[in-house]
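Shared between the two complexes below is subunit A, which pairs with subunit B and subunit C, respectively.
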Partner chain A sequence: MENNKRVLVIDDEAHIRRVIELKFKNQGYHVITATNGEEGLDLIKSQQPDVVITDIMMPKLDGRALCERANELKEERPFLTIVMTCRISPTEKDWISQLQDTVFVEKPFSLQTILKCVDHYFGNQE
Partner chain B sequence: MIDFGQSKDFLSSLSQVSHLNFQIWDADEGMVFSSGPDELPEPAPEELQDFSLRIISSAAFQHIPLESGEGLFGVPLRNGQAVAGSLIAFGSNSLQKSLPETSTAPQPGRAEEMERFLNQVAEFVEDRLTIQQEMEQMAEELTENFEQLCFYSKIASRVKSIRFSGSMLQELVEELLDTMRTDIAFAKLPKRPEYNALVCTQKVPEKISDHDDFIDALIDSIPLNSPSLEEDYFIVNDSRTTPGFSDLAPEPYRFLAVKMKHNGNFYGWMGLVSFNFEEIFRRSELRLLDSMAEQIAVVITNSDLYRDLERFVINMVKSLVFAIEAKDDYTRGHSERVCKYSLLMAERLGFDEERKKILQWSSILHDSGKIGIPESILNKPWRLKDEEYQIIKNHPMKGHTILEPLEQLASSLPGMLHHHERFDGTGYPQGLKGKKIPLEARIIAVADTFDAITSSRAYRPAKAPEEALEEIEKVAGTQLDPDLVQVFKEVFTRDLAPELGCSPEKQS
Partner chain C sequence: MKVQRISIAILVIFVIGIGIFAQTLHQQEQRSRTQDLQHRGNYLVSLVALHPMENFLGSKRDYIVKTLAEYVTSDGLIYCIVQDQTGSPLLSLAHRDVVAKIPTDVEQRSLYVNGLIQQTYKMVGTDHTISEFAKPIFEGGQRSGTVRMGFDLPPLSMFSLERIKLMGIMAFFAFSMAVLVYYGVTLALRPLHEVNQNFRNICIDTVPVAPGTVKNGGVGEIIKGLEQSVIKLKDRYEKIQAENIDLTTKYGVISFEKHNVFSILDSINYGIIVTDIQDNITHINSYMLNLLGKKQDEVIDHLLGEVLSHDQITAFLLQQDAMKQSSGARYIEATFPELDSGESFLVSLSYLSGRKEDVIGKVISFKNITSEKSAENAKHEFITRITHELLTPLTTINSYNEMLMDDEIDNIELQKEFYNTINEETKRLTSLVKNLLNISKIEMGSLTLHKGLVKSDWLFDDSLTTVEGAAQKKNITIERNLPDSFPSLFADKELLKVAIINILGNAVKYTPENGHIQFMLTEQDDCIIFEVSDDGYGISKEDLPHVFDKFYRSTDPRVTEQTGSGLGLALTSEIVRLHGGEIEVKSKPDEGSHFKIRLPKEEYYLGKQ
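Then we have the complex of A and B:
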């Protein structure tokens, strides 16, 4: 099943990028990847993804800064952001809840959960 | 160092079917692979090393024409973004000799061809490397998850036990330390310090002399208004930047603790401390720790419930026994004292908990058959007639008949049924002799006799404990098991004498 939705995966860990990429490709999504926040932000601007799945702890531009910049872009073109982290920080949920169309996922995650979350988002849109 | 090993076979084969030799140079290690003959007349090793350095520093294709052959070609090898080495190719001299003269002459456009070709080979080598690294990383991740899964299944099987014990927590904390790769793992239960458990590695700074105090200080410093407490955990990712935690240890540390809590009952904290800042506490670890703490809290809750229930049952039975004893002015408290003496002897004999429990039930219930004996006989102040004595002698059998339907008491019945057997075989109800009399019954017999002598009866006054002990020693071997009389004597000297010596109520 082919669909024209574009998913951007931003994580500095290759194996994380790989598993998410595989899962979404198998579901017919178009997947692009970035290895740090800066590269990710450039791709958000140039490739206009429908979903951004990003880590928090990354070189160059961290996940929080990336999400906040992405949030400004969402005023013109809304898209879903999934933030994942393995770090335990009690304040993370607070800033994430302030952002538009942004959800929090614990690492390690269930790919099924992420996929459902994305499907749900598109389901609501249509 | 980066392992380009996977591509070595490929390059060797490529070298055999082409007229090219290949070499891989690592930026730090020097040459790590060569497809060519071991001894080369040309180019010299120094020349190749310089060439590799040139490629690495320029991060681009390089070409040096040589007098013989076509010269040296090289492209950088990348590991991710960074240049990690070089891939060098040059004409194979041995092969050249067998080739026609014309093919050895430098050709225009050759360098561009070689650049394209080498870039493709480099890409192939890099891809294999990347895949290799990803695979290793995934395998590592998988191993870790597997460890945690194993750990979890171990906990799951262990917490199935209804009874909670301190050693169970100690073992779990030890496994926690291994699985989570931290420096201290602990469980602290303020109201049950006997269950406290703490283990640590050698990496804990020597300056922390008392680990328990350190952990107590950490727990005491948890701010009560921390938002994470709503989720029953608390974390210090870096003690240097966490107010209130920077002065508790001479070296910076990380700290993670979760509450052991179930159904609103808070039992204590379980947690980890690490002095290693190359790792962080992960969400997966928090989740594992949290579910472990929850499971333990469930076991403690269940264990408490079980104990409450058990206590309720035994108290209920005691009440019933009191009700029976109330018929007889002289034996009030008798069963409970016999129970106490019996358990002291069991302790001395090294009984396990299970067997003590059996003895506890037999001894507290040993006279329950007296419920069927008329008060007129029980309280008779003079010697009993034969038929009255027969009725009295029937009480162990009666007790047995009454309690037989209670299957939970089945193992306690022999001790009760045979407590009036005599060691010489002349007792009742069955006239069992010596060691054929169940051990529990022989113990109760000693305790029963001692308490009977030290209590007043309708037909005689109470005797002093020391006197009673002498009387018991006189019947050792005839009425009572001499070994157990000896055991009782030890119990008497150690536990009972101080207590009974100053207790005049027995005399009344």
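Then we have the complex of A and C:
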């Protein structure tokens, strides 16, 4: 079940990176990982992933700043961004809703939910 | 009745006055007639006595008689007798029976007294009073005869026609004068009446007396009225004076209270501006003057908008005014761009009400809420972080479990790794919850120690082991310095371990890769000292006084990029304090930090709690 879609997982928590990586690899996605926002932004620019799954609280560059920078890049090349958040407050909902192709999942999430979200995004595209 | 009595009295006085006046006039006229008679008698008798005796016998006798006869008829001369030395009459001009009625002693005296004499006598058989003038006639140095003249001074009638006319004229003038004086006095008294009336109006506390309703009495009544008015005025003055003293006292108390209120307003850590209904500033406290950087005279009686040129606050005040002071939130948060510190203020508005519940001004207060905002933000950030810290292991456990349950992990080794991860994350979650409980206990002041015998070398090694993994990942070298012998402590082992791990963990967290950490244990007479030094990022001068504050985190990006709750050092400080110890820190930015925990030795014996 080979899939040519590229998924970037950005989280400072190694365990979470690892389990998402495994889940998507099992589904045939090509998975790349980053440990902080800065590294993640570099990979978005260089690897041009189709899906970015990112945490919010991260060192160096937090999730919000990363999403806003990534949103600028979406004008040339759209891609899905999934934000993993602990608690979705009204202000957080606001800034996420203003970004293109960006959704959020609340922790603790089901991996199946994230996968369905990605499949749904690519299903709509096709 | 009173007026009638006064009228009768005036009439009696008037009649008496007229009588006295008539009497005086009569006496004056009588005196004048007597004097005139004397002059006339003296003159005529002297004139006749100048004639030689022969004139009364010869040719001149007729001439003299004719002349004297005129006097006899006109001027009261009733007789003129010229007698010779012997007393024989040479000439006698008199009424028929007059000479016989002259008393003898009068004649004798006139005939034998040398010089001019005057005698007054009652004519015999009549009521006539006669004045006789006599003068001897001298010839050749010898007395040759005597001239006697008698004058009848008829009684002067008190009520002669002339006098009655005169008195009538006088009475007319007197009456006219009295009427004139009366009206003059009335006219002159009119202002006095008005003054009296005004006095009454002032003094009478009841209904004021309308002008003209006060009876125009006499001067006595006016004076009496004035006297009463003055008494009432005096009473009123005393009452007003007492009220004045009362008011002065009240004013003093109010001034004192006002001063107190202003002192209180000046002493509070709020900015206060008070305005009147036209938005002119009537009072401003010291705090607000300092905040605006203005002096009192630059602010008082100036418009609020001129003094406080702040768009946000001006809009807020206008909005509140437009809402007609309806109830609801009357505050906004504002910052002053001119303040470098960027402090936040809670600007509150309330309206001042007068006695009739009408709005008479505004009170605008400015409360510095920078620290509250900071604490609120820190707390919010803390909750966010704690939520993140709790949900992260939960997410790991949940997702790893999901993978295992969905049979997506076929590899046995991988399955083991997953089970281990779930186990580690469960421990991590447990530890985190314990820390949170400790923090909660510290917050509530209910953290209790479970003391027991603790070997310092065990505490040292166990703490070091906890952080060694993280240090190795960053290639940080940890140098151990231990004493020859290891003293024991009487302490809460778990809590003390948490305190030391927090210090060591921070040293690893905030020291760059390939750095160095020194961990020392030393013993002194009365205490045991744990020291941790590093060559990491260090702590800035601004952050250093706050490192043990709860929820405090530095704004240094090298610190914020690391996960942390801002509670580690606060918890450590509390644990050390609960053990009766001290913690101190020395640090320089970019050179490193040095933490020293000093714990007192405590004698231990079995069964000690």
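As a convention for this text, the second predicted complex is superposed on the first by the 122 of 126 C-alpha atoms of A that agree within 3 Å, B and C clash if a C-alpha of one lies under 4 Å from a C-alpha of the other, contacts with A are read in each partner's own complex, and residues count from 1 in each chain.
We adopt the following convention: a residue touches a chain if its C-beta (ideal position, glycine included) is under 8 Å from a C-beta of that chain, and two chains touch if they have at least 3 such contacts.
Please read these numbers as outputs of a predicted model, since none were measured by experiment.
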| item | value |
| --- | --- |
| First, second, both or neither for A:P78, with subunit B first and subunit C second | neither |
| Partner chain in contact with A:S110 - subunit B first, subunit C second, else both or neither | second |
| First, second, both or neither for A:H15, with subunit B first and subunit C second | both |
| Partner chain in contact with A:P90 - subunit B first, subunit C second, else both or neither | first |
| First (subunit B), second (subunit C), both or neither touched by A:K60 | second |
| Of subunit C and subunit B, partner touching more subunit A residues | C |
| Touching partner for A:G28 - first (subunit B), second (subunit C), both, neither | neither |
| Intersection of the subunit A residues that touch subunit B with those that touch subunit C | 13, 15, 19, 86-87, 107-108 |
| Residue numbers on subunit A that touch subunit B, as the complex places them | 13-15, 18-19, 35, 85-91, 106-108 |
| Interface residues, subunit B side, partner subunit A - complex | 80, 130, 133-134, 137-138, 141, 145, 226-228, 231, 233, 235, 237, 256, 280-284, 286-287 |
| Subunit A contact footprint on subunit C (complex, rising order) | 384-385, 387-388, 391-392, 394-400, 402-403, 406, 408-409, 421, 425, 561-563 |
| In the complex, subunit A residues that touch subunit C | 12-13, 15-16, 19-20, 22-23, 26, 36, 57, 59-60, 84, 86-87, 107-112 |
